[in-house]
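First subunit A sits with subunit B, and in the next complex the same chain sits with subunit C.
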Partner chain A sequence: MKEERNLILEAYFVVRKRQPTTHYPLRTMSSRFIVLSLFLTMFASLLVLPAAAQDVETEEPVLREVSDDEVNEVAKDLYCPVCENTPLDVCPTKACADWRELIRTKLAAGETKQDVFDYFVLQYGDSALARPPKTGINFVLWLLPFIAVALGLVFFARYMKGLRQDDPETVTSASGVQDVSPEPAPDDYSARVEQELKGK
Partner chain B sequence: MIADLGFFALVIAFGVSIYAAVAAWYGNRVDEPRWVESGRNAVILVFPLVALSAGTIIMSLLNNDFSIEYVWRVSSIDMPTYLKVTSLWGGQAGSLLFWNLLLALFAAVVMMRKWRVDREFMPYVIIVISMTQVFFLGISAFIENPFTRMTVIPPDGNGLNPLLRHPGMIIHPPMLYLGFVGFVIPYSFAMAALLTNKLDDRWIRTTRRWTLVAWLFLSLGLILGGRWAYDVLGWGGYWAWDPVENASLMPWLAGTAFLHSVMIQEKRNMFKMWNMFLIVMTYCLVILGTFVVRSGVISSVHSFAQSAIGPFFFAFIVIMFLFSAYWMTKRREDLATENQINSFLSREAAFLYNNFLIMAILAVVFLFTYYPIFSELFTGEKGFVGAPVYEQATAPLFAALLLLMGVAPLTMWYKTSAKRLEMSLLWPAVATTVIVGVIFALGIRYWAALLGMWIVIFSLILTLIEFWKGTRARMKRGENVLTAYGHLLSRNRRRYGGYWIHIGVLVMAFGIIGTEVFQQQTQLNLQNGESLTMGNYEMVFNGVERFPGPDDLLITEADVDVFYNGRFVKNLNPRTELYTRTGQPMTIPAARSTISEDFYVLLVNWEPTSSTEATFRVYVNPLINWVWAGGLIFVIGTLIAAWPDPRKEKVAEAKRERMALGVGD
Partner chain C sequence: MTDTIQPTENPTVGTEKSKPKFRVTTILLWVAVIGILALVGWGLINANKTRPEAGQTAPGFTVHYFDGYEWENASASTLEEMKGKVVVLNFWASWCVECRVEADLLEQASRQYANEDVVFLGVAYADVEPNSIEYLKEFGITYPNAPDLGTSISSDYEITGVPETFFIGKDGVIANVVIGPVNGPAMMNTINTLLAEGGSQ
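For the complex of A and B:
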C-alpha cells in the first residue's frame, strides 16, 4: 500500500516537472490532498483532450468518416460468405454491398481490422478469411505443403546420394549399348550445336 | 423431331463405342486383324454420330426450341445468332456433349493418321480411347442428357449466363477442352505401351506432337481465361486461384512436367516409370478438371453428393487410376532402367529439379483447391484457402523454377563441370546485378520484387545467350544473322521453340511481378465535374448515363477523361450492366493501356448511381501488358516447337528403325 502511494507521489512529481521535494517533507502534506489533486488533474485532462480533438475533426467524438479505401483494405482479406471464392472488396452482389457497409460502420465505431475479422469468423466461420488461422485442421493444412516438399527433398536426396557411388565413366544403358559420358571440351560449343543440328 | 434424332445418334454412338472397345480387344486376343480393323472403323464412325447429335442441339438452339430443357436454360429468343451457336458449351449438359465431340474427332484423326505406323499399339489405343468415350457418352446420353424435354413449353428461355457473353468466354472453353481432350491421346498410347510391353520411348515419340498441341490449347485456355477475367470480371486482376481455374492449371502443370521429363527418357532411357506416372496423373487431373469446371463440387461436399454426375466421375477416375497403377506395377521390372544420373550438374538432373518443383506446386495447388472438401469431410466445417495463401506458398517455388529455366539449358547430358557452369553464369550474373542495381537506383526498394526481377532478367539473359551462341555457330558457315537464326530454329524446333516458350514465361513473370507488387488502387465517390488523382494520373468525371442495352440489359455508363501528367490522354467509358431478368450485375472496366501500365477504371455500384455522382474504383496495373505479350510469345514458341517438319519426321522414323535394330543413338 505504502509503496503504491509512493509511486503515485513520484508520478505526481514527475508531472510537476520534478520540483524539489526536499524542502517539503512529505509527511507534512496530507496524502489525501495529493491524491485528490492527482484525480483533479486527470479529470481535467479528460475534459480538455476530447475537446481539442473535436476542434480538429468537427465530428461527433465516437464516429469518424471511413473512406472506401479503408473499407476495401479490410474487405479484400475477407471472402464473401455467399458467392463462392469472391473477395468481399470486389463482389458486386447486394449482400456483399451490405457487408461492406457493415465493415464501414464497425470501422467508424473505432473497431480495428482484427475486430472485424473476429466478427466475421464468429458469424460465418473460418472460411470467411482469405488466410485461414493456423489452428486445428487448418494448422495441418498449413504444415502439409512443408511436409510434402520436405518428403520430396528427402526422397530426391536419397536417390541422388545412391548415384554418387557409381562410376560415372561407364554406364550401360538398358538397350545394351554402352554409353560413356563424353564431356565435350570447353570450347567446342559450336561443334556441339552443329553436331546436334545435323544429327537430330 | 430433330432432337429425337440427336438423342438417337448419341445412343448409337454409345453403342458403337462399346463395340469398338470389344472388337479391338477380341481381335487382339484371337489375333484376327479384321476385328481390330472393325474396331478402328467403329471409332471413326463415332465422330459423325456425335457431330450429328451436337448439330441437332445447335439447330434447336437456333430454332428457339424451348421444349428442350437445355435450350431453355442457356438460350433466349433475342440472343444474337453466334451466341446461340456457342451456347452449345454454355451449360453442363451441352459442354459434356461438346467434350464428346472433340474426343471423337481426336480419336478419328489418330485412327486415320497413325494406323499403319503404330499398328501393334492400336488395339489398346482403341480400347483406352473408347473406354473414355463410352464413359462420357454414357454421362451425356443417360445422366446429363442435353435432350431432356420440358413438360410445359415456355415462351422464352433464360438466356446465356451474362458472364459467358464475352468473346473471350466463347473461345476460352473450347481451348481448355481441346487441351483436356488432347491429353487422352498420349495417355492411351502410354497404356498401349504398357499393355504390349513395348516400353521404349516409341509411345512418347509418337504422341509428342499430340502432347504439345494439347498443352498448347490448355495454355491458350489459361491465358485467354486470364484475359477474360481482366476484361469482364471487374476486379483488376487476371488470376484469382479460383477452383475452376486451378482445375485447369493442375493438368497443365502435370503436362508441363511430363513434356520435360520425357526428354530424359528419349536421351537416356531413364525414368520410364516416372513418365508413365506423369501421364496417368495428367489424364486423371483432366477428367477431374472436366468434372470440377462444370459442377459446384468444391463449394461443398453436399453438392457433390447431390450432383448427378459426381459419383460416376469419381468412380471412373478411381477405375482408370487403378487400371493404370495395376499395369505399372505389373511392368515395374520392364520399366526399371540401369542407367543412372551421374551428376547433380547434368541436364537429366536439371530436368529432375524441374519435375520436383512442378510437382511441389501441383501438390500445393491440389491441397488448397480441395481443402474445402477435406475439411468438411473431417471436421464438418467448411474450410477455405484464399488467393493470398496460394501466392505465399507457390511464389518461392515459381521463383526457383524461373531460375532453373535459365540455368538448366546450360547444363549438358551426363555431366557438366562446375567450373564451366560457373564461367558461363558469372558474366550474366554480373550484368543482371548491374541492371537490378539501376532499378534499385530508380527508387524500387521492395526486396521481393528486386529478387524476382533479378531472377527473371538473369534467366532471360542466359536464354538469349543460348540463342546467340547457336546463331553465331551457324554464321561461321557464312550465313547472315537472320538466315542463321532461321536455320537454327527450323533445325531444332523443339529446343529453340522451347527457348521461346521460356522467354514468353519470363516476360509474363516480369508482368506478374509488376502487377502483383506495384498495383495501386483507390476508390472514391465523385460528383459531376470532380476529379481524382492517383500517381501521375488525373481522372475527371463528366457524367453518367443509364440506358437499356440489347436483350434484357440495363447499362449504366460513366464518361471520364484521363489525364497523364496534366495532358489529356483518353476518354473512357467504364460501365455496369444489369441483366434485369436474372438480376445479375456485371462490372465492365475501361482501361488506358500503355506498354508500362494500365490505368483501369471500374464503375462501382456500391451506392445506387444517380445522374450526378458515381463511385469509381481505379487501378494502376504496372506491366500488365507484359503478361499478355509474354502469353503471345509463349504461344508462338509452342507453335515453333510443334510445327510439323516432314524432313525430320523421316529422320525420326529412320532412327526408330535403327533403334529397333539395336544400333542406338
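For the complex of A and C:
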C-alpha cells in the first residue's frame, strides 16, 4: 500500500513540475556573457544530454495530456463524502476539484478507470462509488427491492386465492371454468319461510 | 323456485378453515418479512447514529501514518496503544480554510507537551494525499498525521465537518469535543486537566 502511495505522489509531483516557473531576469547579464554561456551550455549538453535523457526516461512515468472530458467520464461515477448526492464531475467545492485533479494525474500516469476506482475505494471507502460492488451487505440491500416485490406478489396471490375459496357465490363448473351465478343466493331464513308457507 | 332456495354448500372450505395451517412456505414467508424489517431497522439505527460525546468511550481505530511521520517508531498505530496518554485527535483537510487557523496552534502545543503523556494525532479527512503532505510541510507539522483510509475514522466519530478535535482522556473516554478551530488557552486548560486527573473530565 505504501509503495502504491509513493508512486502516486511521484506522478503527482512530476505533473506539478511541468507547470510554468518564473524565469531568472536576463537583463542583469551582459550580452557577451550570455553568448558565451549559451555556447558553453550547448557544448556541455551535447556531451551530457544522451545520458541525462536516459535518466529522465527511466525515472519519470510516461505522462500524457488528459482532457476535462476524460476526467469527468471517470468523475461522474464517483462521489465525495463532503458533498453528499452530488457527483464528482459537477461538484463545485475545493475538495472535489482536488479529487478531479488527482484523477487527471492518475490517468496521465496511464492508469485505467478501474484503477482509479480501486484507489478511491482504498482511500475513501465504497461510498465514494456511484455503484458500490454487489458484495456483502451491499448485495443484500441491492436484492431487497426485488425480494420485497416477490414477497408482495406471493402474499397478494395467496390473499386472492383465499378470497375465491371463501366466496360462496363462486362455483366451479364441470369444465373447470369458474362460473358466478347472476342472482344472489337466498339465505337459510328466507328458504325456511318459503317452505313453511308452502306447507300451509 | 325450489332450485333457487337451496342453500349452496361448500364442504371443503369449512374443513380447511377449521384447521390452522402451519405450512413451510408460510413460515418461510414470515421469516423473509421479519428479516427485511430487521435490515431496514438496522439501517435506520445506523443512519441516526450521533457523534460520540463527552463521557463516552472513544471508538477504536488504526492509523497508517503519512511518509515521514510515525509514533513511537511505528508507521501504524491503534488508539488502544495510546491508552494511558491524553490523545488530541484532530480532523483536518488541506482544502479546509478554517483548519489553517489552528494549524500553527496545534503544532506549538504538540511541541510544548512533547515530554508529557500527550499524543497529538492529525487525521486528514477526504483529502488528496499529495495535498495533505504539502499542507503538513507548509505548516511545518511534526506530530503524527495520517490519512483517514476508507473514511472509516471520521465515520465512527460522526464528524460534521472539519476541523473537529476530540480530547480523549488516559482511560480512553472522550472528555471534550471542539467543533471548528481550537482555542489556544481552552485547549491547554483541557489537556492540563486531563493530565492532572488521569482520566476524563
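The criterion applied here is as follows: the second predicted complex is superposed on the first by the 100 of 200 C-alpha atoms of A that agree within 3 Å, B and C clash if a C-alpha of one lies under 4 Å from a C-alpha of the other, contacts with A are read in each partner's own complex, and residues count from 1 in each chain.
FYI, a contact is a pair of C-beta atoms (placed from the backbone, for glycine too) under 8 Å apart; a residue touches a chain by one contact, two chains touch by 3 or more.
A quick note: this is a predicted structure, and the numbers were derived from the prediction, not measured.
Trainee: In the superposed arrangement, which partner chain does A:D68 touch: subunit B (first), subunit C (second), both, or neither?
Mentor: first
Trainee: Check whether A:V82 is in contact with subunit B, with subunit C, with both or with neither, and answer first, second, both or neither.
Mentor: The second partner, subunit C, only.
Trainee: Which partner chains sit in contact with A:R131 here, subunit B, subunit C, both or neither? Use first/second/both/neither.
Mentor: The first partner, subunit B, only.
Trainee: Go through the superposed model and pick first if A:F156 touches only subunit B, second if only subunit C, both, or neither.
Mentor: first
Trainee: Quick check on the superposed pair: does A:T93 touch subunit B, subunit C, both, or neither? Answer first, second, both or neither.
Mentor: both
Trainee: With the two complexes superposed on chain A, say which partner A:A148 touches: subunit B (first), subunit C (second), both, or neither.
Mentor: both
Trainee: So which positions on subunit A get touched by both subunit B and subunit C?
Mentor: The overlap between the subunit B and subunit C interfaces on subunit A comprises residues 93, 125, 127-128, 141, 144, 148, 166, 168, 171, 183, 186, 190, 194.
Trainee: Subunit B touches which residues of subunit A in the complex?
Mentor: 67-69, 72, 77, 79, 84-85, 87, 90, 92-93, 97, 100, 125-132, 136-138, 141, 144-145, 148-149, 152-153, 156, 160, 163, 166, 168, 171-177, 179, 181-184, 186, 189-190, 193-194, 196-197, 200
Trainee: Which residues of subunit A touch subunit C once you look at their complex with the stated criterion?
Mentor: 1-2, 5-6, 8-9, 12-13, 80-82, 93-95, 98-99, 101-102, 121-125, 127-128, 140-141, 144, 147-148, 151, 154-155, 165-166, 168, 171, 183, 185-188, 190-191, 194-195
Trainee: List the residues on subunit B that touch subunit A in their complex, please.
Mentor: Per the stated touch rule, the residues are 200, 234-236, 240, 242-243, 268-269, 296, 298-299, 337-344, 349, 352, 356, 359-360, 363-364, 367-368, 371-372, 374-375, 378-379, 381-389, 393, 412-417, 420, 423, 469-470, 472-474, 476, 487-488, 491-492, 495, 521-525, 576, 585-587, 605-606, 615, 617, 648, 651, 659, 662, 664.
Trainee: For the complex, which residues does subunit C have touching subunit A?
Mentor: Residues 1, 4-8, 10, 12-13, 16, 29, 32-33, 36, 39, 43, 64, 67, 75, 93-95, 126-131, 133, 147, 149-152, 154-155.
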